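In what follows, structures are represented as structure tokens.
Shared between the two complexes below is chain A, which has chain B as its partner in the first and chain C in the second.
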Partner chain A sequence: MKNILKINTALILAFLVVSFSQAQDGNNSQQIKVEVDGLSCPFCAYGLEKKLMEIEGITKVEISVEKGEALLSLDGETEVDPERVKAEVKKAGFTPREVTFITSKS
Partner chain B sequence: MMKTKDVAWMILWVTISLFSNQGFAQGPPIFTDTPIMLGLEGRGIRTFGRYISRENVKVYVQPLAIPYNINRKWQIGAILPWRNLNPKTEGVGSNSGFGDLNLFTKYQLFQKDGKGKTFRGLIKLSETFPTGNDSKVPAVGSGVNTTGIGFVTGYVTLKYGLYGEIGYNIVSDGSPNNLAYNFAFSYPLLPQKYPPFQLNISVDLNGSTVPEIDQSILFFSPGLQLITGRRFLLETGVQLPLTQSGYGSNKFNYTYTLGTRILIF
Partner chain C sequence: MIKHWYLVAFALLLSCDSKKEWVFKENIPLEGISPLGIIQDNGTLIISDPDNNRIVRTDFKGSIIEEWRDIQRPMHIDLSDNKIFSTEFINDRVIQLENGQLSEIKLNISFDAPAGVDVDGNKMAIADFYSHYVHLINGEQVIQIGGEGHEDGKLYYPTDVKLYQDKVLVADAYNNRIQIFSDKGDFIKVNGWQEEINVASGLDVYSDQIYVTDFHNSRVLIYDFEGTLLGIFENLFDKPTDIYIHQDRMYVANYGGGSITVFGLQ
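Here is the complex of A and B:
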């Protein structure tokens, strides 16, 4: 009986440790905000979205033509170079401005 | 030696070609080119049906265009039109088939971007090859090479777009050359967002003149565009002649366009 209790306690502790560790990982999500000049038409932003999605480590691209910016979600494992982000914006036919890393807690 | 009738048909053909290719404005507006070679403006496939009504002939043109962006500043492309000509003249039958192949290239000369706005300009070169059959009257091909050089500019903001275009077309066999000029204003009716769902109106002025034979025309061209996503656009418009001279008894009545642009790459 004691052994069963020990095993159960160990399993519960292990579960709590794993859950806590996962929660810690999930707490910090990283995003990059890049300001883009020349975003004057929504129909021409598709090329920008495609180019930014080609960067390794980017999982999602949200473009706001009203704000003139793109918000990039990161996978949390790959380091993304801001200069690479700017280069892809240029390749897409727009002018990159400030690139900002945003760490948010969920 | 070309007969007068043949020359008349060739001038008609060149004029029709001019207004057929106008629909390959690279994006809004509908009848004028744009200096923005992005999104639906490049790496796409585009086609439209255009019905042209003139006093002596009814023409239906269905061109297929494929532009391709080499890089952000340089685009190449091809346009192949299918034509159907129905003369109203007694004893002249209809004719249809693929017309002349047009190859073009565009290179961006300048770009000035700001938040939610851009000002760009490009140079455009084109060559039309006499690939269409010109052995039957009315001919679907011109039988001549035409070289075009043009300049396209535009100031586009989230609230409106202003566009201008001027082009000179040189016909290889000494036939009259022509000058074409287009201006456009486009206005989005819905809030600008991405992915896009847009309804735009555009109002164009499309002109062409052949100084050698004192021929000129100016169209007023209103149109409507519906963009339902990243890759698909529908557009429609009419061209109504404001002034025209030198067309004799073959004046333009109107043209009607219904078309689509699909991004494939």
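Here is the complex of A and C:
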């Protein structure tokens, strides 16, 4: 009887751990940080925003002129190719530098 | 930060009438507004605030009286025949406000980030940032002015445009100059490169003089139509993006400082 209880407890704990872990994964949000050379004025910043928003899977673009970077929020479903990101940065008139994927728990 | 103690020293300048000069009146702080385009309308200011996706009407203390929201990065503004015109940089639209109602002006033109619009009678000109063209609509006729390049007559990221008599003036932003075209689209004159403008962000014309905002150098430069430099205002502004002159009052939008600088001609 004690053994059955122990097995049940272990199964319930294992289930809870897996469920918690899956829930955590579901709450992960992914962003892309792009370092950009040449950002300096509002026309540039909004222009870069416009071009990056044309990429499928990007839901939000935040530009920091001071830091010279763009932070892209992803929809979590569409795979975004870093090379496409770089191409859009070039199309916007700037030089792309490092593209970094950031995963954070929300 | 605007250095107020410079104001008196630099505020005295020129006008078409040599007996008159521009005198600093006030600097209007705008809390929570990043002004890009500006006009004056019936004793109020109409300001585009692209950071917050809106156009606002403020009093001369900077308090918001009225606002129009959900405009995707509105840029320069024009006032013509009691209508307010602007552009949506993100959505590639030309918009108008008439009696407080916002609507799109349907045009059979494919824009890519329209940044400036000017309307004069049945003529409308739009500076299109990424196509490097100014589209001039004259009744049924549409003329494309510019195209990407650095030579005379070419444009490189135009941000603002003004119609003045039979001429079209363009803030050729990243060529760091002003260009003048005929309303047939023919190149006439280039101004500004000698003064090392660093992003010609906005312009206006008043009494046959051309006023241009120099974004990175935080200056306003004044030229005549022959290209002669008439004067420079400096140490007064913080990353200016637009200038509007009406009834002997000059308004400069300081995008960097979040304020409007006002001068009077007296």
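Please note the rule applied: the second predicted complex is superposed on the first by the 80 of 106 C-alpha atoms of A that agree within 3 Å, B and C clash if a C-alpha of one lies under 4 Å from a C-alpha of the other, contacts with A are read in each partner's own complex, and residues count from 1 in each chain.
The working rule: a contact is a pair of C-beta atoms (placed from the backbone, for glycine too) under 8 Å apart; a residue touches a chain by one contact, two chains touch by 3 or more.
Just so we're clear, the structure is a prediction, and the values are computed from it rather than from any experiment.
K.L.:
Check the residue A:Gly93 against both partner chains and state whether it touches chain B (first), chain C (second), both, or neither.
P.N.:
In the superposition, A:Gly93 contacts both chain B and chain C.
K.L.:
Of the two partner chains, chain B (first) and chain C (second), which one does A:Phe101 touch, if any: first, second, both, or neither?
P.N.:
neither
K.L.:
Output check: A:Pro42 vs chain B and chain C. Expected answer is one of first, second, both, neither. What do you get?
P.N.:
Both partners.
K.L.:
When the two structures are laid over each other on chain A, which of chain B and chain C touches more residues of chain A?
P.N.:
Looking at chain A, the partner in contact with more of its residues is B.
K.L.:
Which of the two partners, first being chain B and second being chain C, lies in contact with A:Met53: first, second, both, or neither?
P.N.:
second
K.L.:
A:Gly68 contacts which: chain B (first), chain C (second), both, neither?
P.N.:
first
K.L.:
Pick out the shared contact residues on chain A: the ones touching chain B in one complex and chain C in the other.
P.N.:
Touching chain B in the first complex and chain C in the second, residues 40-43, 46-47, 49, 93 of chain A appear in both lists.
K.L.:
Going by the contact rule at the top, pick out the chain A residues touching chain C in the complex.
P.N.:
Chain A reaches chain C through residues 40-43, 46-47, 49-50, 53, 93.
K.L.:
Can you check the complex and tell me which residues of chain C touch chain A?
P.N.:
Interface residues on the chain C side: 34, 36, 50-51, 73, 75, 89-90, 113, 115, 129-130, 157, 159, 173-174, 199, 201, 215-216, 239, 241, 255.
K.L.:
Quick one: in the complex, what on chain B touches chain A?
P.N.:
Of all residues in chain B, those touching chain A are 27-28, 36-42, 71-72, 111, 113-118, 156-158, 161, 191-196, 198, 227, 230-231, 233, 263.
K.L.:
Name, in rising order, each residue of chain A that touches chain B in their complex.
P.N.:
For chain A paired with chain B, touching residues are 35, 37-49, 63-66, 68, 90-95.
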